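Next, two complexes with chain A in common: one pairs it with chain B, the other with chain C.
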Partner chain A sequence: MLPTITRQGRLIPWLYLAPALVIMLIFVVFPVFNTISLSLKDKTSTRSAEVSCVAGEPCWGKLENYRYALTNPEMTQALRNNARWLILMVPGTVIVGLLFALLADRVPYESLAKSIIFMPMAISFVGAGVIWRFVYHIESGGGEQIGLLNALLVRLGASPVAFLSNPAINNYALMVVGVWLWAGFCMTVLSAAIKGLPSEVLEAARVDGTNEWQLFWRIMLPMIAPTLLVVTTTMVINVLKIFDIVFVMTGGNFGTEVIANRMFKLIVTDTGRSMAIAVLLIVLTIPLVLFNVYRFRLQEREE
Partner chain B sequence: MASVTYEHVYKKFGDVVAVDDLDIQVADKEFLVLVGPSGCGKTTALRLLAGLEEITSGRILIGDRVVNDVAPKDRDIAMVFQSYALYPHLSVYDNMAFGLKLRKVPRQEIDRRVKEAAEILGIQNLLDRKPRQLSGGQRQRVAVGRAIVREPKVFLFDEPLSNLDAKLRVAMRAEISKLHQRLQTTFIYVTHDQTEAMTMATRIAVINKGKLQQLDTPQNLYDRPGNLFVAGFIGSPAMNFFNGKLVKDGEKLIVDTGDFAVPIPAERAKVYLPHTGKNIVFGIRPENIHDPDFIPPGIHAEKVAARVDVTELMGNEIFVYLVSGQNTFIARVDPRSRFRIGDQVQIALNMDNFHIFDAETEQAIR
Partner chain C sequence: MKKTSRLGKYWLYLPLIAMAIFYLIPLYVMLVTGFKSFAEVDLKTMWNLPSGIHFDNYIEAYSKLAPSLWNSFAMVIPAALLSSALGSLNGFILAKWKFRGADAIFPFILFGMFIPYQSILIPLVQFMNAVGIKGLPGLALAHIIYGIPITTLTFRNYYASLPQELLEAAKIDGADMLKIYRYILLPLSAPSFVVVLIWQFTSAWNDFLFAVVLTGNKQWPITVALNNMAGSQIIAWNVQMAGSLLAALPPLLIYIFLGRYFLRGLLAGSLKG
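The block that comes next holds the complex of A and B.
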């Protein structure tokens, strides 16, 4: 006699799955294919993208929108900027988050400290962008500096800095906002991992002869490595999609353009190109998502 | 190799006194077991010695050196933890080598010591594995191996066998004893299991509520418990206790429990005479209560009426649960006994082997 659960036939499991499958089909699978198909059309979304080719210039035929996405000067700038964001902001948030997690673990008012660090996550990103635009504000008419940083600089006798319009520094100024926003997330996840380390193992290491520095590098870090990896890949995905901060603070001007902002700008004026950028973004994130899934499975098997 | 000294050591967690005026001298090469019920402060006492907790007051010495302010890594101790506490990301070999690498021991020397320890513990074939691929018993061996390779002055064990199954525990018990023989180093071992304490220790420190109750050899603790707690804690099944009074009946001194009265043999009476009239606790171990049909020759047997409540056959002996008035007690009797549940019997107490404690102070009268 089989237990009831295995006797319900082949149809019943599909019945249970159906609501989720239908919703996924409508809201995920269909839009993906629709996006791909639109990315092969021109700005009217009715003709093939080929029609926007200009005679005498390079043309990728049906894939003309992808030529734009990969070679247009504004797009190459966006791609370059996204790469900079990745290289600086991902390690920035993870390291700052890890540092706060380690330090918060050792102070008596830990939950207060962590709440403060985590607070920016509770603010909408647009709100954060507005706040930081004030912080970075420069009064160019010769009036009194009301931006926090420039007011400070002037008070200290320095001349005001155009944080958001000077291409040499504005990208970094935006990344600071990104780190400010996301470090709390990294801290929370890593703090949980650190708290989960068995105390006897850490004590064994201390008895074995580690100082605090060695304890961190040789015992704690390898033990939280899986979490560190998850946080890092999650941050890579977040940074690839970075949009709000740039959109609110500079609108992608002054050399701060990023992929997602480009996509947003083009959505109305040239849907085909916008969709090609969207597909590009998906293609960039897919390997990371797959990697996360693979790690997750590996971890499950180990346990 | 070194002695260990606790000098009036206190440890307070807020208002809770975990270790209360602990004063112990452990000789070099001794195997000292700290035993007591859970939460009695024995593990805290060990952690104070390891440097994992700070001493509130008092001093701890390893050899001649006061170690109160010495970091764990500089105390020249090695510790085996209850959960084994192996480094999950390192192989068995690297787990054992870790402490030596930190101390910059030459590679060849590390290799020699790890291989030697692995051989002693029979884990040579596991050196490449990760801890999660090992069974509980194997992890335990690695944890011990990690301590051995360090060649410390003092080995600390914090309930190392409590996560193992019963059979493995008995085997590891013998192995740790052998290890002590072989290494000739000071061992300090914490357990709540009095059998472990009795079988391995050269001396046992019985601790209760943070206080040292008695420190003596296993045999002395068993034969001459200093107070009611030690008497009840050491021995399995535990000693039977009866509340009673010391009364004089003519020339005889009698223990009167209200349910039965037994005379104290003349040669032992002298000690108790000054306590006549006092409320006392009369203690007798289960093996000193006999089936009246199988009384060993040459003992002072006193018969007491009791009813058989439960019998447990162990093969080589029978545990008999008896009821006499208000008192219930256990006897370990000859396996040939034919007690049946509900029987009224005249059970024989061996009055050459009993203990009397002051009911108020709970100290042994002797």
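The block that comes next holds the complex of A and C.
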């Protein structure tokens, strides 16, 4: 329970908080409403979105931009890709992070091992993009392959692969970069949770002859479940708004489009559509934020 | 305690080493390629160390990126300082001053933390234009504002963990809230300030989205300049790699020397308090 200092009245704390609240109102709350209202306008932001309807074709009236956001092939591709990112990258980062936290916990040089995994977090997405573009680079002209992976493939006698422009694999190639960048985050948070487990419990289980496998599934996993949930929801939010990696590495071309990148591309040329996509993104994020609020309150009550 | 059979060890080290390699190779490539002359960047010498240390690439990359490196410093330092200061004050009030409505603020803080920034870009740009704040100051302002939620939360959690007796004693001595903050909590805040400052420095330094929208040619911070340099096909890989390393150096140095604080910031960022 938080302590109370109430003698100085009810109004004063609000006074102190006022600057921050005003800032939040101007820069978070108001922009969201502004975004919603722009999403109902056409590309010039002056007329209703209805004007972009074409006679004889489906039209959602004022919500025409939402028709684009939900049914246009460019957008359905982006939505499908985001779903793929969610399905593969969220478990990918969490599992790699958890595995690494568990394994590193048992070896000497633990902190060195962890530093290595965490290093990419200190590098910008842009910097990582440059590095990974070199890793994936393909020399299309018939010159020598100097991109890391293709040089390796050629040396092994295989033919070079267009990692970033072949739609069958490029999304996965980008997700590998995503895991490279984010697994360190999951590892750090999960590792802290594992270190926080009461050692008596683990010792007792070991003395009782529980093997490490059972120990993990029956004791550790249930105990770190809340942290696992936090990491997972945070990653879901991060992946929903995934942008930099795609923007820097492929620009959303070759079938790698994602929601946030689509939105960014249209922001100047077709503000209405862009803002409809933005609203879609906000709507997708809200349940996760509410869930975090709920979890945060729960944790407060326990303390 | 950690008795592991030889077979067990094998299973322990194999995946660890595999992952370490997966993580290190791109970094190794960045480092090594950056020091090579262009003729050396080819198949045969791919894995070799450079024939000598060639600083040429760094000189060329630096000559292209220097102005934006300084732009980044000029923007990131005030942004980190101010958002930390505001976060400290807010955190203090939320943690030590239970009042009606305080709970209602949390959803806002979390929403501000997780909102996809793309969705507020246009209103943000319009606002900046309306009040006439452009370029780097505008970018710094954006980082201050959108840094407030996380700095507030970090400080709040830290202050909530401090013993209440400290404040009670000061209150009995007749100190008002502002004095309690100034003379009791602020001096104790150094650890949290370190965490928050490092966190804000690195995230503002590495940001691309706000930077590309809010700044023009002359005021590009390093991420935008690097992206544009890398986007032009003429620039050789070894110069690009040198550029990436230059851009990554300040946050990497912070991470290497102050890494554990950085990690704490990360934990705060995941709402783990």
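Going forward, the second predicted complex is superposed on the first by the 294 of 303 C-alpha atoms of A that agree within 3 Å, B and C clash if a C-alpha of one lies under 4 Å from a C-alpha of the other, contacts with A are read in each partner's own complex, and residues count from 1 in each chain.
The criterion applied here is as follows: a residue touches a chain if its C-beta (ideal position, glycine included) is under 8 Å from a C-beta of that chain, and two chains touch if they have at least 3 such contacts.
Just so it is clear, the model here is predicted, and its values are computed rather than measured.
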Legend entry - Clash-or-fit label for the pair chain B, chain C on chain A: fit
Legend entry - Which superposed partner A:Q214 touches (first chain B, second chain C, both, neither): first
Inset, instruction - Have a look at where A:E74 lands relative to chain B and chain C in the superposition and call it first, second, both or neither. - result: neither
Inset, instruction - Report for A:M223: first if it touches chain B alone, second if chain C alone, otherwise both or neither. - result: first
Inset, instruction - Would you sort A:E203 into first (chain B), second (chain C), both or neither based on which partner it touches? - result: both
Legend entry - chain A residues touched - chain C or chain B, whichever exceeds: C
Inset, instruction - Tell me which partner A:P120 touches in the superposition: chain B (first), chain C (second), both or neither. - result: second
Inset, instruction - Quote the smallest CA-to-CA distance from chain B to chain C in the superposed model, rounded to whole Å. - result: 5
Legend entry - Residues on chain A lying within both footprints (that of chain B and that of chain C): 203, 206
Inset, instruction - Going by the contact rule at the top, pick out the chain C residues touching chain A in the complex. - result: 1-2, 4, 8, 12-13, 15-16, 19-20, 22-27, 29-30, 33, 41-43, 46, 86, 89-90, 93-103, 105-112, 114-124, 126-127, 145-146, 148-149, 152, 160, 164, 167, 171, 176-177, 202, 205-209, 223-224, 226-227, 230, 237, 240-241, 243-244, 247-248, 251-252, 254-255, 259, 262-263, 266-267, 270-273
Legend entry - chain B-facing residues of chain A, complex: 198, 200-201, 203-211, 214, 218-219, 222-223, 225, 302
Inset, instruction - Mind listing the chain A positions that touch chain C in their complex? - result: 2-6, 8, 10, 12-14, 16-17, 19-21, 23-24, 26-32, 34-35, 38, 96, 99-100, 103-104, 106-107, 113, 115-135, 137, 144-146, 148, 151, 154-155, 180, 185, 188-189, 192, 203, 206, 212, 227, 230-231, 234, 237, 240-241, 243-244, 247-248, 260, 263-264, 267, 271, 274-275, 278-279, 281-282, 285-286, 288-290, 292-293, 295-297, 299
Inset, instruction - State the interface residues of chain B toward chain A in the complex, per the touch definition above. - result: 50-52, 71-73, 77-79, 81-83, 85-89, 98-99, 102-103, 132, 146, 150
